[in-house]
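Should a chain be cited, it is by its letter among A, B, C, D and E, assigned in written order, with residues numbered from 1 in that chain.
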Amino acid sequence: MREKTTTLYLGPQHPGITGNMMVKLSLKGDTIVKAKTEVGYLHRAFEKLLEKRNWLQCFTVMCRFCVPEPDPMENIYARAVEEIEGREVPERAKYIRTMVLELARLQSFLLWYAGQNGSAGLYTVPQWSVGDRNYILDLFEELTGGRIYHMYTWPGGVRRDLPEGFESRVLKVMDYIEKRQEDYDRMMFDNSIFQKRAQGVGIINKEKAIEWGVVGAPLRACGVKSDIRIDEPYEIYDKLDFIVPTQEGADVWARALVRRAEFKQSISIIRQIIDKMPKGEIYNKVPNPQKWTLPKGNAYVRAEAVRGEIGMFLQSDGGNKPRRVHVRGAAYVHAVSLLEDVLVGQNVSDVSFIMNSLGTCPPEIER
Amino acid sequence: MNSLVIMLLIYFAGAILVYAANKFSAVLRDVIVVLAGLLPVALFFSIPAFEAFQFRIAGFDLFWDLGSLAYIFEALVVVVGAASLVYAISYMKGKKNLGYFYMNFFLSLGSMTGILMSQDLISFFIFWEIMTWSSYFIVVFNGYKTNKIGLTYIFFSALGAYAMLTAIVMINTQTGSTMWNDFFIAFAGMSSHYQLLISILFIFGFGVKAAMMPLHIWAADAYSHSPMAYTATFSGVLSKMGVYGLALVMIKLALVSNHFVFSQVIAWLGAVTAALATIYALIQKDIRKLLAYSSVAQLGYIITGIAVGTAMSFMAGIYLAVLHGLFKAALFMVAGAVEKQAGTTDMHKLRALIRKMPLTFITAMVAIIALAGIPPLGGFVGKWMLYESLIGSNHYFLVIVIFFSSTAAFLYAYRFLYGIFLGQEEEEFAHVKEAPLMMLIPMLFFTVLLIVTGTFPGIILGPVANAMNHGMGFRGVQWEMSVLTNVYGDSIHLSVISTIVVVVFIVFALFLILKGRKGTRYVTTKDIANSGEPVRPEDNYHFALDFYKPFERAMAPLYRFKMSEIYGNISDGLVSFFQFTRRLYSGNGQTYVYYVLLFIVILLVFSNQLINR
Amino acid sequence: MMGDIWMTLLGVLVTTLLAFVTGMFYMGASRKITARVQNRVGPPIYQNFLDLIKLQAKDTAIHHGWMQLLGPAFLMVSAVGSLMFIPVLNKGLFFENFTADGDIIFLLYLMVFGSLGMALGAGQTGNPNSAIGVTRGLTQMVGFEIPWVMAIVALILQYHTTNIAEILEAQHRSGVWSMFANPYAFIAALLAAFGMFRYSPFDIVGAPAELASGPVSENGGKFLGTMMSSHAVFAFVKLVLYVDLFMGGADNLVELVIKTFGLYLIPLTYGMVNPRYRTEQAVRYFYGWPTLFGIIAILYAVFY
Amino acid sequence: MNDKNSQKIVDVIKNFARKHSLFVLAYGTGCGAIEIPATMTSRYDAERFGIRGAATPRQADVLLITGYLSTKTLKRVIRTYEQMQDPKYVIGFGSCTINGGMYWDSYNTIKLLDMYLPVDIYINGCMPRPEAVIEGFIGLQKLIAAGKAEGAKKYKENLDWYRANQKKVIKNWVMPDYNW
Amino acid sequence: MELHKEKQLLETLQGVFQLKSGEIKRRHRIEVEVEKKDVVPLLLFVKEKLGYKHLSHISCVDWIEEGRFELIYMPWSHQEQILIMVKVSIPRDAAEMENIDMIWRQANTYQRELREMFGIEFPGFVGDYDFILEDWEDIPPMRRDFDTEAYVKDHYFERPGREDAKDVRTEIAKRSGEQIPDFAKKYSR
């Protein structure tokens, strides 16, 4: 009869968990002495399925890798294929792709507002932000036909041109969201209780962040200026003018501030894109999908999603199907080993809060 | 023959007989234990009035008579004593040296009776010493591990006794008499220095037994390490001897009315005792320790009630003292039953005995409800009177402190019930059975008693009021069977409250039981909503470690006292009272001496200027 | 004599029904108002009744032992019991019930009765979420009870009575509501009420994202339903108590509804715009300003 | 009074309440979970139909299977479903619950949800829009009002069949018995 | 485009290690192939000496025809902004690779996945065996010789397709008595 710590399962069926995963907490009081994450509840064996699909069929699967933010996945697949094949992308397509990526970032930020506040018990912000997110999804729907899964960015360009007057509608939504940002500021960032909850919680300092390979906002929140869009510019990011916000706090609050600043940057980026959007073709025609083969070779392509760096390793063996597709999700490190480390010593009340601030997203971990 | 003497004789004869009988037969011993335990009860309640008994021995006049206040405590002694003895038969079964144990048990019961009936200081002191030593022998009954605890206990008791002896000698030199009454009368005429010194010495002596704030160090360990059958009496009754003495000193010497600040200090000490002991109680992991700290806290209320000294607060104090005797005896019996049946009293290990020991649970629940002061049980009556009297006598900040500790008491009350009886069921305790009948009877007896006294507190309040009107110097103290009235003239009818509570409870309980009876099913605690995960055998779903961690974090400054006390040096102790108390656990006798001296100095400093107002 | 008993019974039933219906509508209204703040239409105002019927109409109910089975009954005792001792309207305008015994300190304790019983029920489920929720709830209680008691002590000192009906009378006699006569007590009590109503930021007991609804996580069907109705009654009890103590009671039901609902909106709207505290932060909050106001209230009552 | 008629009236009231008060278990089993926030929040506001979230299975009425179920999740879903209390409903959400959808050849996801759990209503699409979700709920409400949503009863009656199917997929079956 | 940073790095690596091959793929990317024994020294070298602190990815390709697994380690430098793809081939039977858990903490997760999905053992590596799959009894599923379709046929049910080839939209409309608007008709088959 030895003294046992209490086991508390957070997830898979739990209102506080992000997606479908599980964190097994060992508690002493309500302090966590050990945390163990378990993933795999969402394993669909995409990478296996892709070995059986041809290059165009693969494209439809890509968006399903990560549900909250599918477009970067499509984008990196398209770019990986282009890199192996050496296919050129028209300039206008690049602009549209960048715009789609940034719109996806915006909607993902809004979803993150919802998660971060929902886990802290401020239920008004989720209601607002998920509601506002619908405006961006409307734009997607108009552009691509789908709200969540777009299947829009394909190798060689994009699937459709912008509808008429789309730019003005995008700008309108941008104006609206920028206006709403003030509301979120009042509700969330100026709220002393939110600050009290977020400050000093879930600290990942600079040394630890680099050691564990943290990416995205958590890395920037501890003062490392790292952003794939700047470090390794893709699409037209090198032609755009934006900054990479950083903070020094390294806690949940710093991450929130970083994301807030990035949110503003995204709006400005979209405005710049619409300003500079050239005319022209939107795709280079791909061959008959059944006969479409790629030369033997590999590519590793990365992009910056809201949760951080995502990457795709694509290996072609010269046939009409990929030999191997391997996706590196942004949360791959955050949600498994890092989370186990960060949660130790924290309070039960902060688990969901920290998970949201790290941007854990199980579907891209287990694929 | 005088019935008082008979009672005394029964106890002392029981002590000898049981020791002798133990040599021959266990059955005979048990029979004697039960007889000698129950006879005084019959005797006590069958005799309407006790005559005084006076004799002269070795040049001292000894005068025995049961005062009206002592009557209440004597009732507690015989009832709780008898119940504990009956309980002990089952509880102590299979232990060694039982004759020795029972002998000391009877000796302490007899000595308590003696204390209560002593009207002279000599026999009072002698009985006091017998009580101290007999209880000490039981404290160290459980083997050498308890030696240090016993040492602390006997050290404090001895200091208290010497203080008392000094006071008695001083009284004798001043008045030339050894009678309490002569002392009470002569006290008013003494010089204020003597008044002060004698009061302090007496309060010191009684405060040790009543586990008053700075003198409570021994209590938690001693209560928790003596056999539970005795602790029921030890914490329930023996500590009340200190309360009895304090009541005599505070009220009879008119300390309250004459030395306002002095009584304030004691009242605040009581309140601080209550608050600190409560917050220490709720971080304990051993149920005996929890109950021990809880006893200290409850004694804090009682001391406050007595020290404030208005009619109502005094009544509340004595009422709480009696009730504490009842429910704490019941709770220690529960702890004993759990220890006996489950083999441990560690709340980190115990779990979910409710289905195994339902009757024990009911006892525990009723006693805990009484302890927490939740209507309709008796604790509420005492708490209510205490609050009303404190507010009525303008002790509004005292009432906040008391209320804080009483609210925090819910925490350890719940901890106690949860820690033993609730939570996740475990294979380890599958074999546990309900406590044996002989243990259940006293427990259920207290359960019934607590329920009755909750609705009809007059059973206790009557004698208390009687004592206050006759002998304690209060005038016109009113009481009613089940109506409480405060100083503002507002009253509450306890019978109405009890009726409403019971009726509403029964209505909804029936509703819950009967509605959809077919679809209502019991499932084991292994079938919990575990976030969708199947319950795995290797995991532990019982929440026990650091139960009140959030509370500890919120109250970190208060707990920090304790932490700094461990590492603090002696100079810190001089600065802070609380920091200093921690040193006492060091087991270093010298520290204790410093400490006791310091306490006296502080009391002197506090009271000297004020007493001469 | 017989008539008296029937009258009493009628009073009990009518009062309970009034409290229940009002409480349910308040809860419905709170959902509706929350929805409006959140840019939604929200459920109909009678939605809670449907929820309740649905819960009571559940075919199966699973429990882990009789303590859990009876847990909601304890809650009901606390809710309905306290209701009996609180004057709903001013003297003589409504059933008296047992307001003659409506002692405020007694009520303080009776109101705890249910939580403790419920906590025992939650404890028996063996669900760690429940146990952690209970510890949080009790810890928070130690927080908010202090300013609340301070406010009450201030009132008692001011009006020299502990009877709620008497306090109500005294307010009428002086013609000043005690929220104006002793504003500090009112503020302290109001801040304590945030904790008592358990809206955000003090909804730490059942915090869904943290504890999956905490103590009630094993309760469904009739247990949850009974709890829900007891919450409705209890919300009414607390509101009426506040109105009686601080706002001079009410002369008719309309006034009562206006006052209580106005009061109800304060914690509700505060909760809508605030995330929840951690447990220790909540306790520290109560020991900050609310307690300071409580001390001022007592001193004010003494020296006034 | 005619007992049968009164029973009928009670049933109508019961079904009316059940229909308008659906507590959906917060369990995002698959990618469809992303549209649940949208359905619940301000634009689509499912709460106006009495649909709201429930934190634990004991409190919930509706188990929303939001998309594909991996075998690992299926075990938890079955556990969760069995902990829910009658009457309970299952909504299969998305094409992948109907026939496997785009995961038809995945070794880790089940293809036909109704072989493992009694599905009351399916919502198709990949993924279904919030409007479709709400329509699915309304369809469920219609079924409940008509007294036809008896998945739980079906499950109880054919428990052996369901168990056999479930055990075919879930190798390590250690779970408490289901008896209500 | 200037690629001198990449060139310089490649030269450095060639100077220190025996590379089987090394090429600059494009800006920010160089690819080197080394022997198995050189992998850990190389990774340690680039991390400690050259500042490649961030391990972006570890991937594996199953070249079943050649009987080898190809592991690709991809460290990235925040300063240099170059990602090195370090390729190494290991035999497919009794696949075993050195553990680099202690070089990069996050390699832990990757190695758990590789062990589970490809059956590559990492001696000295501590980590739970079950990562994504639960109670998996077949061969590691990401190996090329694992036939997912056969597995599915074996383990899961299949809903038979419809034979009639009727249009779903019109059928539903017919069932619920709903009118299909004209503009929608052209999308129906």
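FYI, contacts are C-beta pairs under 8 Å (C-beta built on N, C-alpha and C of every residue); 3 or more make two chains touch, one makes a residue touch a chain.
Keep in mind that this is a model prediction, so the values were computed, not measured.
Taking the mean Cα position of each chain as its centre, E sits at the greatest distance from subunit C. Two chains share more touching C-beta pairs than any other pair, namely B-C.
For subunit A, the chain with the farthest CA centroid is B.
Innermost chain of the displayed assembly, by C-alpha centre distance to the whole-protein C-alpha centre, is C. Inter-chain spacing, taken between the CA centroids of subunit A and subunit D, is 30 Å. Separation between the centroids of subunit A and subunit C, computed from CA atoms only, is 44 Å. In whole angstrom, the spacing between the mean C-alpha positions of subunit A and subunit B is 63. Separating the CA-averaged centres of subunit C and subunit D is a span of 35 Å. The set of subunit A residues that touch two or more partner chains comprises 6-7, 12-15, 27, 30, 40, 43, 45, 48-49, 52, 127-128, 131.
Among the residues of subunit B, those touching two or more other chains are numbered 519, 521, 523-524, 526-527, 529-533, 541-543, 547-550.
Of all residues in subunit E, those that touch two or more other chains are 133-134, 141, 146, 148-149.
Partner subunit D is touched in their complex by these residues of subunit A: 12-15, 19-20, 40-46, 48-49, 52, 60-61, 64, 67-68, 111, 114, 126-128, 130-131, 133-134, 137, 147-149, 363.
Touching subunit B in their complex are the following residues of subunit D: 27, 56-58, 75-77, 79-80, 83, 86, 174-176, 179-180. Contacts from subunit D toward subunit E in the complex involve residues 71-72, 75, 98-100, 104-108, 110-112, 115, 165, 168-172. Within the complex formed with subunit D, the subunit B residues making contact are 519, 521, 523-524, 526-527, 529, 532-535.
By the touch criterion given at the top, residues 13-14, 16-18, 20-21, 23, 26, 41-42, 45, 47-50, 52-56, 58-61, 83-87, 180 of subunit D touch subunit C in their complex.
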